[in-house]
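Next come two complexes built around subunit A: one with subunit B, the other with subunit C.
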Partner chain A sequence: MTTTLAPATGLRPRTATATESARARWGRRFQHGGWFVTPFFVLYGLFVVVPVVRGLYLSLTDANISGDHTRFIGLDNYREAFRDHLVWNSLWHSVQFTLYVVPCIVVVALLMALIAHHITHLKWLWRLCFFAPFLLPSAVVGNLWWWLFQPTNGMVNHVLGIDTPWLTQKSTAMIAVVVATLWWTVGFSFLLYLAALQNIPHHLYEAAELDGANALQRVLHITVPNLRTITGLVLALQVLASLQVFDQAVVMYQFGPGPEESTRTFVQYTLEQGFTSYRVGYASAISFILFLIIAAVALGRMWLLRLREEDAR
Partner chain B sequence: MTTAAPTTADPTPVPRKARSTWTPGQIALTAVAAALSLVWMAPLGWALSTSLKTPTESVTSPHWIPQHLTAASWKSVIEAGNIPNWFVNSLVVSVCVTFVVLLVASLAGYGFARTEFRGKSALMALTMAGLMFSPAILGVPLFATVQSLGMVDTYWGMILPQCAPAAMVYILYKFFQSLPRELEEAAFIDGAGRWRIFFTIVLPLSKPSLSAVGIFTFIASWNNFLWPYMVTNNPDLMTMPNGIATVQNSFGIIWPQLMAGGLIAGLPLIVVFVFFQSQIVRGVAHTGLAGQ
Partner chain C sequence: MARPGLNRRQLLSAVGGLTVAGSLGFAALGTGADALASGASTRVRYWNLFTGGDGANMVAMVDAFRKEHPGVAVKDSTLTWGDPYYTKLAMAAAGNRAPDLSVMHQGRVPGFAPGRLLDPWDMGLLTKYGVREADFNPVLWKRGIVDGKLYALPLDIHVQLSFYRKDVCRKAGLLDADGRLPTATSTDDWFALLKAARKQLKDGQQTLGLHAFDQNFSWWFFVAFYQQLGGGYFDDDRTDVTFDTDKATQVLEFLHQHVADGYTVVGQTDAEAFLAGSPFVWEGNWSVPYFSGEKVDYGAQPLPPVFGTPATHAESHSFVLPHQADRGGAANEGAHLLAAYMVKHATAWAGGGHVPAYLPTFQDPAYLKLTPQNEYSRPAMEHPATEPRIWFAGSTGTLAKRIGPVVASSNVGSAKPAAAAHRMKSVLEELLATRNPMDGRTAAQELKGTAA
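Let's look at the complex of A and B:
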């Protein structure tokens, strides 16, 4: 990590060796900067590095919760996971959830940000309304939507004038989780878009207006292209977060797997194996399968970004 | 910038004065915003309405305005349950986590951005790798580790594992890199040491980023459900989110009480947001979270 130092104009170093530049003095002075990162790495080592290493080891054993009689069993856990239909089933639910929720979030967040950016009256009120749900704890969101989706006395059926048993039939159970999640988490992406909109240079719009572009054309030809980077970030963050969905789904279905096991997510299955069936080794192994999927998504994104940079050059 | 003066509430100057009046475009936009806000606030409105009904009224045919307006559920939730206790636990945990994260992440971000030491690039790579490990993935081995440290069912066990967020280090690292070096250099030539430069020059310049990081850490910690759920069994140590989730399981469901409890758990952050929203938006724009 070399960073070029701006030449210290007019400030001659007051050291004995005339050849020693300000930069070298600066560098020497800032050796042992390791102390700055030490507190972080103590915590990081204990609560990230150690668990990762330990988890990798545990995944190769038949460890239970007490840690007694742990045997090294090689890749048996991973082999078992490939044959375990509940692994595939819960993985599919997490993927299904991601496929439903991410596009909805991107579209709604962008729409909200465009409104909140271009409106001139009561800006603070719209921001508050769109962002407020994000401030609620997931358990509250789960309970709230569990109530809203109640078949006979819930708000959703009341407002829509229908009679759907959202929470108890397989076909709508996941949709209920998606609706709750969209409502809850869209505020964060909304905020990212809002900040990005504020960073678009204003002269671009003025130039377009002089050229006779109308409001829609300005949005399509200036706003949308300038938001490409942030959309990439929102997509990546949402996909990675959605694959790890847990809280709202378990609270809405009272820590159970949902109707006909239709909402059990991957993280939920991991924790069931670890804390309910006490199979710590097996739980660690399936956790690492999720990690590999997440790492693949993250690395895939980096690769795409690099391709795009090369294209731009 | 105050929330009370909406026409001046945007940091980017609006050049055309005409836009602050009611043009047809603004009327249409406001109508769309109002409709969307109504939809977005309806669930909270329904929760509030339910919490003010009697338990029997809450399960009769749905209606928005309570017939017998009563604060009994709020009262019984506050007086009878563990909620005040959970509230204090949440506050202790979130404040401690936010304080520790701000301290260690700003030190580490600065260390990576501005100092040299052996193994820096390796440690940087290790931190970046950590961006991919979330508590959801690490849950089981993290619990095993915390268990062997003897921290299960303690405040330490709830607080410390939340205090090593690689993402926050990365955000602050990016921000410190963007600060002009000349400021620090001038102080250095005047004889200030690196710690003094950090605390008296760098940190005060970083207020927008630090407040964004602090606010997001606080929100995440206050709302953290999974980790406190795993690490505590003792109801006296539970935080608000877990407490609320167990209420649903342990009592027969009394909807007005459930909704009142939920609103009590959710309101503090909403109040905080009302006061700090401009800093939050500015902070996000400044930290480069918005990735321009």
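Let's look at the complex of A and C:
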């Protein structure tokens, strides 16, 4: 079995023995790790690949919820989607939500992580408080904030001493969803930042302190640059998650589209098409549009990262 | 090297065995184990959507049925009303896992693909169990018929009511000698009532709970007042929208005035505010058990006929047979028996606030004694305002989803009534031109029975 010791340079002639040995090598590797990853691949295939392929097929048909009388209609659903103003309208709401929520999460998570990192007293309590909302189900969060934003007896107005109808006017409706989401999900990014903060070498701070840098300068010139990688990760994860915003908005607006239809998100519109209007084919087509957008964002990020790595080299 | 006592193959087969055993266990739960356990020979799976004040009433009726018919084991499931319910029902029927019997709003029947997602009733079986067409409200019975077959067996009619607190209204000097509120027959009359009642309130209390921001209620109230003005939606051929934007504007202005003049506080939890002392709330009759349980001295009328002609929004719960490829046999017969029992025991059902579709109930002294049912039942049943009978209409259907938010925007003042009325018309035009996804035909083609 000397073949396995040969370097896999790709320069070796492709002979029968090489193929055989490659197969043997693969076989042994599979024996070592294959059985551990097989369940993942099986589940991934069954619950991700198969539904995606099936969804793609459905998007080219006029399938309804009963599955009867399904005809292949080519790209008609996509053509209709491009003319459907509610597709664009709801897509804009999802993008708008993303634009509001992502920067807030980055800033607030970082601030929270700095507090939890530097505080020495009751450290566990701070961490628990910051992370705990993340454990709640979306239905709880939606209902909770629905109550908090009530105009006359809600806590938000009571604390602020105002009587803003947060949920029923267009100008504040999306802000209400953003605030609820921020409270609910910021704990996850907070944890990432907290872990990253603990990895920044302490001597950097000591050196800066000796050089006379104040606390703010230390944060801006040591902490923030050292967290660049994790900020990139938080940004990417939050953008991808925020584009799929659905449940909290739906619960807060009780399956409605909000004041002047200002909080109907893309996923909500997909649900309405598929499960209220029973247009499964059309719903599949518009969900594929979102899939392509999200895939483009993810690929764009990978491309940026690669560029940066090449620059670094 | 020590080996664990179980090798991979043994482990896999053990897990597989557990899975099979587990799935058999679940399958048994869903196919008759409990029927066998109860000693019953027939098992009927029954889905309903009653979660409000009427929910406990339905559970009590099913229990009463069980006592009378020990040979039929009813496996009843209560699911959340609205989208979740109709989605599950459609998918169960499409996937051939439908329950034997379920409840559906009559307005949803035309869009629910009778013949494909719904099976017709067996008239022979219904007759056997004492159900006769002559005993039912003829309008409701006819609405259940599609292509000459009965698909929806009517249980009740349920309406939007104007509830009033007698204690507050009495203090305001509004009640007549019988202790009832006189009917307001014009918008001026109505606002005069509200104005008088408001004087009795503390700061922050609303005079009328109107669900101004709720897309379903907004649409239902619109339907009622629009019909009071004699407004229509589509022509008889279902090819043109005949929606009258002037009349619609009048209705929207009326609804918005409650908010503009401060009688309604947007976002206030209406039923709770009523229990806490608000004099009026517009709610469905399913709130009757809830309000009665709280020992509030109250009355209930149909929505006030402020535009002259009485009309209040009405929908109807009916029994349907979700499609099963092999419908028939004992379970199907049990479903017919259970439905027949429910529709005929309408006095018990009326305790939940609904107006029975079964006419002999109106001769039942026990029913006539029910308050406030006896205040609203007859006028409500005589003047129902229903959504247009078309595939995209019906409780929480596509029409309510598209048009309800427009009414709500006008109610809360973020859209001008006239602009909202035009918006409503364009939504109606869009929907009328849309093909029913279940059969690929527009409303006009369905009416004429032509193919796509």
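Definition applied: the second predicted complex is superposed on the first by the 280 of 313 C-alpha atoms of A that agree within 3 Å, B and C clash if a C-alpha of one lies under 4 Å from a C-alpha of the other, contacts with A are read in each partner's own complex, and residues count from 1 in each chain.
Operating definition for what follows: a residue touches a chain if its C-beta (ideal position, glycine included) is under 8 Å from a C-beta of that chain, and two chains touch if they have at least 3 such contacts.
Since the structure is predicted, the reported quantities are computational estimates derived from the model, not experimental observations.
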Touching partner for A:Lys170 - first (subunit B), second (subunit C), both, neither: second
Subunit B versus subunit C as contact partner of A:Leu110, first or second or both or neither: neither
Superposed model, subunit A: greater residue contact from subunit B or subunit C: B
Partner chain in contact with A:Val87 - subunit B first, subunit C second, else both or neither: neither
Touched partner set for A:Ser66, first subunit B, second subunit C, both or neither: second
Contacts of A:Glu261 with subunit B and subunit C, given as first, second, both or neither: second
Which of subunit B and subunit C A:His158 touches, first, second, both or neither: first
First (subunit B), second (subunit C), both or neither touched by A:Phe275: both
Overlap of the subunit B and subunit C footprints on subunit A, listed as residue numbers: 35, 67, 153, 254-255, 275, 280
Complex contacts: residues of subunit A adjacent to subunit C: 35, 62, 64-69, 71, 150-153, 165, 167-170, 254-261, 272, 275-282
Interface residues, subunit A side, partner subunit B - complex: 1, 3, 5-6, 8, 11, 22, 26-27, 29-37, 39-41, 43-44, 46-52, 54-55, 58, 67, 111-112, 115-116, 118-140, 142-148, 153-155, 157-159, 183, 191-196, 198-199, 202, 206, 215, 229-230, 232-233, 244, 246-247, 251, 254-255, 267, 270-271, 273-275, 280, 283-284, 287-288, 290-291, 294-295, 298
Subunit B to subunit A touching residues, read off their complex: 3, 6-7, 9-15, 19-20, 22, 25-26, 29-30, 32-33, 36-37, 40-44, 46-47, 50, 58-62, 100, 103-105, 107-108, 110-112, 114-121, 123-124, 126-127, 130-134, 136-146, 149, 160-161, 163-164, 166, 169, 177, 181-182, 185-186, 188-189, 194, 198, 219, 222-223, 225-226, 230, 240-242, 244-245, 248-249, 255, 258-259, 262, 265-266, 269-270, 272-274, 277-278, 280-281, 284-285, 289-292
Residues on subunit C engaged by subunit A in the complex (per definition of touch): 8, 82-83, 86-87, 90-91, 93-94, 113, 116-117, 204, 213-215, 265-269, 392, 396-398, 401, 404-405, 408-409, 412, 414-415, 437-440
